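Naming follows writing order (A, B, C, D, E, F and G), and every chain is counted from residue 1.
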Amino acid sequence: MIAHFFAQLPALPVILPLLAAPLCVLLRHATLAWLTYCTVSLAVFGISLLLLVQVHVGIPISYAMGGWAPPVGIELRVDTLNAFVLVLVSGIAAVLGPYTRASVAAELPAERAYLFYALMLLTLCGLLGITITGDAFNLFVFLEISSLSSYALIALGTKRRALLAAFQYLVMGTIGGTFLLIGIGLLYIMTGTLNMADLAERLPAVADTRTVEAGLAFIVVGASIKLALFPLHAWLPDGYAYAPSAVSAFLAATATKVAAYVLIRFIYTVFGATYAFGQLPLGEILALLAVAAMLYGSLAAIFASDVKRLLAWSSVAQIGYIVLGVALATPAGLTAAILHMLNHGVIKGALFCAAGALFWRLHRSDLASLAGAARAMPWTSAAFLAAGLSLIGVPATAGFISKWYLLAALFEAQQGWLAAAVLISSLMAVIYIGRVAELLYLRPAPDNVPAPTEAPTAMLAATWTLVLVNIGLGLYSTPVVDVVRSAAASLTGGGA
Amino acid sequence: MTIALPWLMALPAAGALGVMALGRWPNLRDGLSVVTALLLFAAACSWLGPVLDGARPAVTLIPILPGLSLSLALEPLGLLFALVASGLWIVTAIYAIGYMRGNDEHNQTRFFACFALALAAAMGIALAGNLLTLFLFYEMLTLSTYPLVAHKGNDDARAGGRTYLGVLLTTSIGLLLPAIILTWVVAGTLDFTPGGILQGHIAPAAAAGLFALYLFGTGKAALMPFHRWLPAAMVAPTPVSALLHAVAVVKAGVFAVLKITVYVFGIDFAAAGDFTTPMMWVAAFTILAASVVALTRDNLKARLAYSTIGQLAYIVLGATLANGMAIAGGATHIVMHAFGKITLFFCAGAIYTAVHRTRVSELDGLGRVMPFTMGAFLVASLSIIGLPPLGGAWSKWALMVGAADAGQLLMIAVLAISSLLNIVYLLDIPARAFFRPGTDLPAGRQEAPLACVVPLCVTAAGSVVLFFVGGHILQLLAPVTGS
Amino acid sequence: MSTFLGLYNYWIVVLLMMIGFYIVIGHDNLMKKLIGLNLFQTSVFIMYISAGAIDGATAPILGNVDAPYAHPLPHVLILTAIVVGVATTALGVALVVRIHEAYDSLDESEIIAACDTGDEPAGEHRDNA
Amino acid sequence: MFAAAMAGVAVTMLLLLIRALLGPTVYDRILAVNVFGTKTVLLIAVLGFLDGRPEFLDVALVYALINFIGTVAVLKFMQYGDLGWGESDHPDGDV
Amino acid sequence: MTEHTILRVVAKLTIPFILLFALYVQFHGEYGPGGGFQAGVIFAAGIILYTLIFGLDEARRVIPPWAVRALISGGVLIYAGTGVACMLLGGDFLDYNVLAHKPAHGQHLGIILVELGVGVTVTGGMIGIFFVFAGRGRRREGTVE
Amino acid sequence: MHPGERRQAGIMQRYSVSLGAVLVALWLLLSGHYSALLLGFGAASCLLVLWLARRMGAVDAETQPLYLMRHLPGYWLWLMAQIARSNIDVIRRVLRGHNAISPTMETVQVSGRTELAQTILANSITLTPGTVSVDARRNTITVHAISAEGAADLNGGEMDQRVRGLETREPGYHR
Amino acid sequence: MALLLDIASWLLLLSGALVAVIGGVGMLRLPDVYTRMHAASVTDTGGMILILSGLLLQAPHWLVAVKLLLVALFLLLTSPTAANALANAAIQDGIKPMLGGQRRG
């Protein structure tokens, strides 16, 4: 019985949210829906941890949906990489549980709260599905499930501009998803299979055809749109700026990371790094775009006038770090990229949580409104500051660890100029985080506005959990780095 | 009996927490500051004997990364810095209580908490067992002192704070961090190891580049052109200036330079590879240029700030000369300059508190009004100039010998010329105070509060005492310098 | 003949894709964008249908007595993709309708201009099912 | 023979398409499209027999249904500018 | 459109048979080209025809909004629940073989349930979407008044 | 419950039974599979549809015209003949072109008393090529005819009479 | 017998196709929407009944025949209804029918 339970673990991260989402709709009760969300996200987090432990000490797990053997049926396949991403996504979802309660109560009409939780669960289901599936087409389906529900989530934002932001995201996201679908279709035409492991085996035989090259190009572009890689990032700043706070935090922490996972999975597992980087100047192009993203995103963040928008632009820049690591095509680079997926997820989650808590009290998110808020909201402000330092890459924070590995990988690959770009972008982060910190701590609060009070404990708890995880990762990253390294090593073909 | 190394950091950190907790009871809070400082100094002193006897305690705290831990290790150089920082914290704490209360400053709790935090960071730097640990606490020091620099919160203070943070973080993230990571990539370790870790892993030409990255990256050492933050930080209250110039910040910078030279590159490798010469010229240029600029400054704190820049470059020069005597001279100068400069800043603060004057040209005749203050000023100036029987004589002498050992006779000339410039811009001030007639001065004596005057007298006396213990300092450093 | 037919299909796919993409990018009207998006997606359905035709996998149901149900691949894929497309279009239309209610305009640049000039008080816009 | 019938239906559909394009009134177009739909139903039915897959008749039936509903919806939208209009919405009785 | 006597009478006459036909397609999926998806579309089409002719309010009386939500989510629950039932009975997710004593029967049952889930969800989804869109224009009219 | 209501309810039951019977028949005709499972599904489906139809108010004399049944087949045959005849007529006119048509609008009296009768009549008119019901209200139907002859045929009223003849028994439902 | 059935079926299908085409021609030739509706009616009734009857004779199974009849029945019920609604909408919209001997131009 226990063995059967463990054998069923891979299916649960997808099924539990999928079952819970309609349950929320049926319950139609904010608190019950919230409880459902919390329970499921926690359960899924636990399961993901179990899976990670299982694959880290053992071998990849294959789970056949419907009992059909993999090449024919849909396979769920867990290896170290996606178990790691599962932990990240479900962990963020679980931490946001307490946060959503107050945040949703403040930003959404009560009678629609259940819808919010249903959509969050659907998004979670989609993101986890993308991560865990071993079938390329199935990946597309989960991608669309998560995308559609996140469009709807963004449209729930308080300002009417949220609608346009959601629409723009829908247009870009659909183009991205369709590109991915085209790429997958081309591979399918050439190989007759959709199973990713199977694809990896069959592609070399037809690798030299234009169709496969085109497939690679379409998939990379599609994933890049979902990833918001410069210059395909246009949807992200508006989307994150106008979404409800909890949604911004959730999507910023998870959605782009999962898109990065898709990019890594296709480049390294399906096509193989040798082919992907050998056939087209893919590494060079990605590195160039990554640098452009780091610099442009940081610059835009410096000139942003709204804190959520600032954070969103910073995400554009941080995605550049991840892609840069991917583009290096070395185990060290990939290690850095995967590490930064986790670390940036935790950091951005914390920052958006803090921004949401500020918004919760101030009802505004423009920078000017933050003046002097630290006095009334010391815990929120301190959380923002701590996470901001991590974003900059100050030692003893998670951000430092990933930056360390990225720079080491760049030096190892003798890419000094790229390292310089990373450093410049980090310094730009000092400026935009510094702006917010100075406003919070050193500006006097306006006299005409009643002094706000500290955010609710539940919101603070979630925010500080992320901040502490952040610091914990910064101080003791060895186990995480071990896991990431073994994931990167198996992807790049080296021994674990 | 010795105190475990982590406690040396935990003590001021706990002090910071205590200060925050006691924010509502100012007397308790300020008392805690002083007590913590005393305890810390005592703890540091407990290690003096064992280290002199050759003990080299080391502790590994957490493996931050695989193969890279947060680790502490005590050696003579670090102990010296720890002793200076913790010792001067005592007087600075007392002085700060007087100053902050005397000037009725706001946000005193935040001030004292950050002060204690800065000391914790300084202890971390002193005890760092590897470059990663050093970098961690170096950044912590920058961040914990930023609120102190921008303490006043007005536009000037914020602008000063921005420059402070901007220069220090730009150099550390932009230059020091890549230098460390390069070292890691090249050498595979970051541990401070006697004899260095780079020899055999890197060509001398590349080493010259790396060395430059380290020295410029250590922005706290204020080598030109990365010195702007120090004058900009003048906006801070005087106790902060003391902290910056004497207790922790700049000293952490030059300490890091010495430590990196000795334990990362290794004196032998540096001497043999001859890759330090370019940076030696940068240091020499900084010495002279800073002295000239100091001459032109009428604002007392600005003049002292440029003086500090020049004096720090002495220490860097010692590192770049890359021989035992020069290193010893540089290390000794950390102590000597600390005592001298803290006295000078205490005096500047006392003058501001007592008669609200900030410009050199306004100090005429002040000697009669503030005899203790100006007397201390004179003593400290003479020490920094390097005249016996004051502590500064030891370090100047050692540096000159080091320059001669290295065959850099031009550097002896640089040291000589800069001493003359020191005389001109430093002695100018007590000379005015004692020998020129003052205007609009109070009739009788009007010293600053006792909490201000006593510390500055103590540190001035310290400068004298140091002349007599200078030999012991060199003895403590002997295992490092190999002489 | 069959290769020509195959190529012919792909030309239609490419043409539709280009037209759809052009409409998405070139038009300011949100509804037209959505139509372009639909065209864009439709081209991909045709591509998959062509792929299915090449495979000759026309029978939607395979298998034997013990396994009456198998994955009739191309058809399931197309049907799934179409469902996704329909869902996207429905959501898109719903958004367009609500944007029109909120702004009284469907012109993207007009809407953005309206956002930039008029300040939007928080909580002004609430939606309803 | 089925092919001949299909050809006839296809030609009819072509003619209807021309009418749909020519208009001139919107009702001409709706009429043409509606009849086009019913011809499609016939086409599907014949196609089913041609292919030997008479289950296509189910599809034909569904198509007839959709065609009818589509026409009604378009006419309703033309008349009321809204698809949800009902008896209770009448502002002034009969139109 | 209720004043259109002919439409109204014909609609009343045909709708029950449309709905029955939808259910026929639903339950004969494995014998023909039908299935849950198509059945859902047809069933919803019947309701949509009713809405077009008798108005949204009347349609919402017959199929209240909660029922629409229940259909959408209930369908997903049936689908996923079948999968979970397979897991609980010792198989993999959607591994129908374990649903009955004989694998063939299990598969039969599994397909029926899963198709039912799909059909119910599609029905609810289509009706929901139509209700939302049909209600939009009128709401605007209402605000004008 | 008033006697009238009870009577209504009784009628309702009767119509329900008849609709149910038709539904069951349709299911059996469509299905072709008579396993217990599918028959069960059929029964459930019929009940569900019946329930929904009652909710919709679609179970009444209009939709379950029991009273028409006897005469309906005859009417159908007659109508088919009409359709055949008018098809030929219209085809001839189409082929001959513009000169062969003389469109007219006519008003036709409806003598049947129910809406159902009106509907049957209007649809029958439309079904036969050459005439289209344009507007149906109260006791009249406005008809567009392709030729004056066709319109004249209608005014002869044979169709109207036959539709009225369908209603041999008084339905419980009045217009 | 089978041959007879086939011949009848072919005839029905052919004539159905022919009637449908003529209806289509009428859709093009007749002058306004109301007259065109008569042509539409030709294809919708004549064409449809003939073709479906042709198919009916070929039905391989009584189930198929039933479905064919259902399709026919549904079309006979809905196509005049749609036509009524269309004509009604056109009249309501103010589209005047061309009457009597009126000619274009």
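Just so it is clear, a contact is a pair of C-beta atoms (placed from the backbone, for glycine too) under 8 Å apart; a residue touches a chain by one contact, two chains touch by 3 or more.
Keep in mind the model is a prediction, meaning the values are calculated, not measured.
Graph distance from subunit A to subunit G, where chains that touch are one step apart, equals 2. Looking at the partners of subunit C and subunit F together, the chains they share are E. Two chain pairs are in question, F-G and A-E; the one with more C-beta pairs in contact is F-G. Subunit B and subunit E have CA centres that are 78 Å apart.
The geometric centre of subunit A is 44 Å away from that of subunit B, both derived from CA atoms.
Averaged C-alpha coordinates give centres for subunit A and subunit C that are 25 Å from one another.
Among all residues of subunit B, none touch two or more other chains. Along subunit E, residues 6-7, 10, 13, 21, 31, 33, 54, 133, 136 each make contact with two or more other chains. Taken residue by residue, subunit A touches two or more other chains at no position, since every residue touches fewer. Remark: the chains found to touch one another pair up as A-B, A-C, A-E, C-E, D-E, D-G, E-F, E-G, F-G. Subunit F makes touch with subunit E in their complex at residues 19, 23, 26-27, 30-31, 33, 38, 41-42, 45-46, 48-50, 52-53, 55-58, 60, 62-63, 115-116, 118-119, 122-123, 133, 136-137.
Only residues 4, 6-7, 10, 13-14 of subunit E touch subunit G when the two sit together in their complex. Partner subunit E is touched in their complex by these residues of subunit D: 55-56, 58-59, 61-62, 65-66, 68-69, 72-73, 76, 79-89, 94-95.
The residues of subunit B lying in touch with subunit A in their complex are 62-66, 70, 132, 135-136, 139-140, 143, 147, 150, 153, 157-158, 161-162, 165-166, 169-170, 173-174, 177-178, 181-182, 184-185. Contact residues of subunit G toward subunit D in the complex are 9-10, 13-14, 16-18, 20-21, 23-25, 27-28, 33, 36-37, 40, 43-44, 47-48, 51-52, 54-55, 58-61, 64, 67-68, 70-71, 74-75, 78-79, 81-83, 85-86, 89-90, 92-93, 95.
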